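Two complexes follow with chain A in common, the first pairing it with chain B and the second with chain C.
Presenting the complex of A and B:
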């Protein structure tokens, strides 16, 4: 710092000899000080600005972005699940089904890859044929005007014992249903420890699905249905006419391992249904209960793929994801 | 004394120069990109909106609501139900479960959204149909997509209600395969393959703060 104080003091001391300069000198000092403070404030503003900008940069996501890959995986699983059952419905031997699924998934993958390319992602999905598919059986009734009895019109019958079950869906005629819970059509899924019983009945305006869980507690959900209507029930997805029916979740929570699927009072419901079990058709098919595929009569047990393995690749920017998925849509227990 | 004053002058000059430089730097720096520079939208909000859009799409895909909304068209002309001549919804989501999810997640919080359906024609030409269009998105819009698979046996949906009385898309008996076979019925996407696959649709949700 310049030695200005002494000069001021000296100027005062020698007041008689020299003009007084103290006022001028002090003004300069204050100016310098003011400028110094101004610089300090500017510096502070810069520091603050830098801090804000750093925070802005720091909070931008820089970690590997896997959202796209995870989402694509979900789309592959859902798409492959839909296509698997579509292929199963078309029927054929296990070899034909696998080939059909392979080709269909290839078509799907082409379309999906073209759409995903716009977002800057390279994708591919394919059927993994070195992992053997789980060969199973599709049990179905295509005839909407027939009741749910077996081939010999037995009303209480077992569809399959000691099996894994998936994709249990009903499309029931409202008019055919019983008006009393006790004598109505029941779907019984039993894992030998617990049994979940699902009853379907109606009153004058609604169709009810009553589920008795493993602990014997019964809960109900319902949907409005007029005469002539059909009501869809997706047991594994827990949906009644497409809307959530929470009591059906009991098939997931209360059952474990292999189950036995049977119908009770099957004459009290008409419509179509399908379900898949993980035993080959040779094991499940019982000529006293089922008709062969292509006979035109119901119910039918035919060859179907229970589960398949599908792989997918998702590549985008710095992300490369390869995964293999087991696809078995709507598995119970 | 003269020496002292010269020193003060020099110091003053240096400080003045620094102030000049500093003000130039400050003027430049003051325009730095802060979180609020361009709009009141911020990176945090954008991240959040993108995550919510992802969540809505995933949840809707999981329950099948997304597919039912994509299939929510008149069989006669392939246009969506309850829309005016513009051909898309403008003041909120469609009257379906997916539309309700969009309204509750975004519209009710003052966030605008567009929903586009991208699909392929002749297996390679990418086409886009607007499902919801609330206007041109701002520069701070975020976009998320989800693939939906349509099979030949998937049925068109029509307006209906949930057990709680909310509007829902309810399945009809008209499958995509049967609609394609009828001469007087149509769907806005054509069957892309000979097999059981009907088409793959990319549903894109674009959201931004109004």
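Presenting the complex of A and C:
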């Protein structure tokens, strides 16, 4: 007969297991719910993290580095402007001036590139010779002891008519100036619609610059000056002895197009001056008014570059900029 | 002399107590309160937990949508700033060529997105995939702006005099 004892014992063990609810199987609902909520909370934490990252992103500066390119463009324009006037002061024919400027700007560019490399940018500036420079004339008086009259010592005279003008600078002896506004030295810039008259005079302790704008309104600025002093006036930059002189801004705001530049009461001021006009020396030079370059006498009209075109490249990790600039520092109107 | 006590005496007392208990219970309704209590506890727990889960998932979903919208707005404004910077250089006098890379995140709140440039309405339209959120950011340029559509991530803005400002990935 077969032994069935084991089978009966196995059946009774299985019956013991079936109805047991207490113990390890209890609390599954809570466990599942707790897991689900935990997952949701993790999701919420990630969402909040994204919100924080967004705020971080929003407060970062723009990473295109285009401001660096714009700053470099400003440096190129200012640097090239200073170099252009230095080359013009050296003198020469138009061809020699262009070559001199090309070489000088190349040297400046090498120096600037070394400095820009420190900030992680590669730069280059060069003279654009396919765009012809604007050939002009430099009118100047290098003799500081002479008054501002023309070659024939005419006190009221016109320097140039119907021209573009830039870089008008004076270095005037305080002692030579008139003490009365009416009879003082006047610079008149006239575009045939409006005229801006700038008078320079003094009292016992100050030098005054009085500007009558296109509407006939006169405003004044002044600077302290002792006997023996010289005072610089930069008309286009609006500066008197290096400090801002707002009335001079009228030459930018009230004039338009070509202008005529003339002096009145030129015997009432002594010192040096220079200005550039955009007509060739052949047109502007008038033997009754000017001395030729190298004569040692004043005033002089000589060949000069009025405006040139330069290009620059600025390259950093995120940015490449190539730009061509017209350089004509201190242009009036 | 006391006779020795038999173990059976203690056993008799035990049998009497069991006999009394069995006598009070009367059949099928035995243990009902335990089962009822268990079912009630379970039901209330299920209802409470379901409510909690629904509310929490709705809250998380709303927050995610809101965060996506905010981030798309920030990303759009960064790109608009880049486009306008490039445009300023392009619009300045003199010939110029500009190429600038704007580093944008490839995903916002875990979802990909696309950027569409609409020159007709001077707008950038940023659309995320999931949740689908659309954000419009205005962009003003002086030079011409080319229409394009790019995926999120690093974006290159170019300017040249012939084609104006272009956005490409």
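In the analysis below, the second predicted complex is superposed on the first by the 275 of 333 C-alpha atoms of A that agree within 3 Å, B and C clash if a C-alpha of one lies under 4 Å from a C-alpha of the other, contacts with A are read in each partner's own complex, and residues count from 1 in each chain.
The rule is simple: a residue touches a chain if its C-beta (ideal position, glycine included) is under 8 Å from a C-beta of that chain, and two chains touch if they have at least 3 such contacts.
Worth saying up front: this structure is predicted, and the values here are computed from it rather than measured.
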| item | value |
| --- | --- |
| Which superposed partner A:239 touches (first chain B, second chain C, both, neither) | first |
| Chain B versus chain C as contact partner of A:227, first or second or both or neither | neither |
| Which superposed partner A:43 touches (first chain B, second chain C, both, neither) | both |
| Which of chain B and chain C A:100 touches, first, second, both or neither | first |
| Contacts of A:182 with chain B and chain C, given as first, second, both or neither | neither |
| Partner chain(s) touched by A:83 [first = chain B, second = chain C, both, neither] | first |
| Touched partner set for A:323, first chain B, second chain C, both or neither | second |
| Touched partner set for A:30, first chain B, second chain C, both or neither | second |
| Common interface positions of chain A, toward chain B and toward chain C | 29, 36, 43, 46, 53, 67 |
| Touching residues on chain B, where the partner in the complex is chain A | 1, 4-5, 7-9, 11-12, 15-16, 18-19, 22-23, 25-26, 29-30, 32-35, 43-44, 47, 54, 57-58, 61, 63-64, 68, 97, 118-120, 123-124, 126, 145-149, 151-154, 161-163, 168-171, 173, 192-193, 195-197, 199-200, 202 |
| Sites on chain C touched by chain A in the complex | 42, 45-46, 49, 52-53, 56-57, 59-60, 63-64, 67, 70-71, 74-75, 77-78, 81-82, 85-86, 88-89, 92-103, 105, 108-110, 157 |
| Footprint of chain C on chain A - complex, ascending | 29-30, 33, 36-37, 40-41, 43-44, 46-48, 50-51, 53-54, 57-58, 62-67, 69-70, 73, 309, 317-326 |
| List of chain A residues in touch with chain B within their complex | 1-4, 6-7, 10-11, 21, 25, 28-29, 31-32, 35-36, 38-39, 42-43, 45-46, 49, 52-53, 55-56, 59-61, 67, 71-72, 74-75, 78-79, 82-83, 86-87, 89-90, 100, 103-104, 107-108, 110-112, 114-116, 118-119, 221-224, 230, 232, 237, 239, 241-244 |
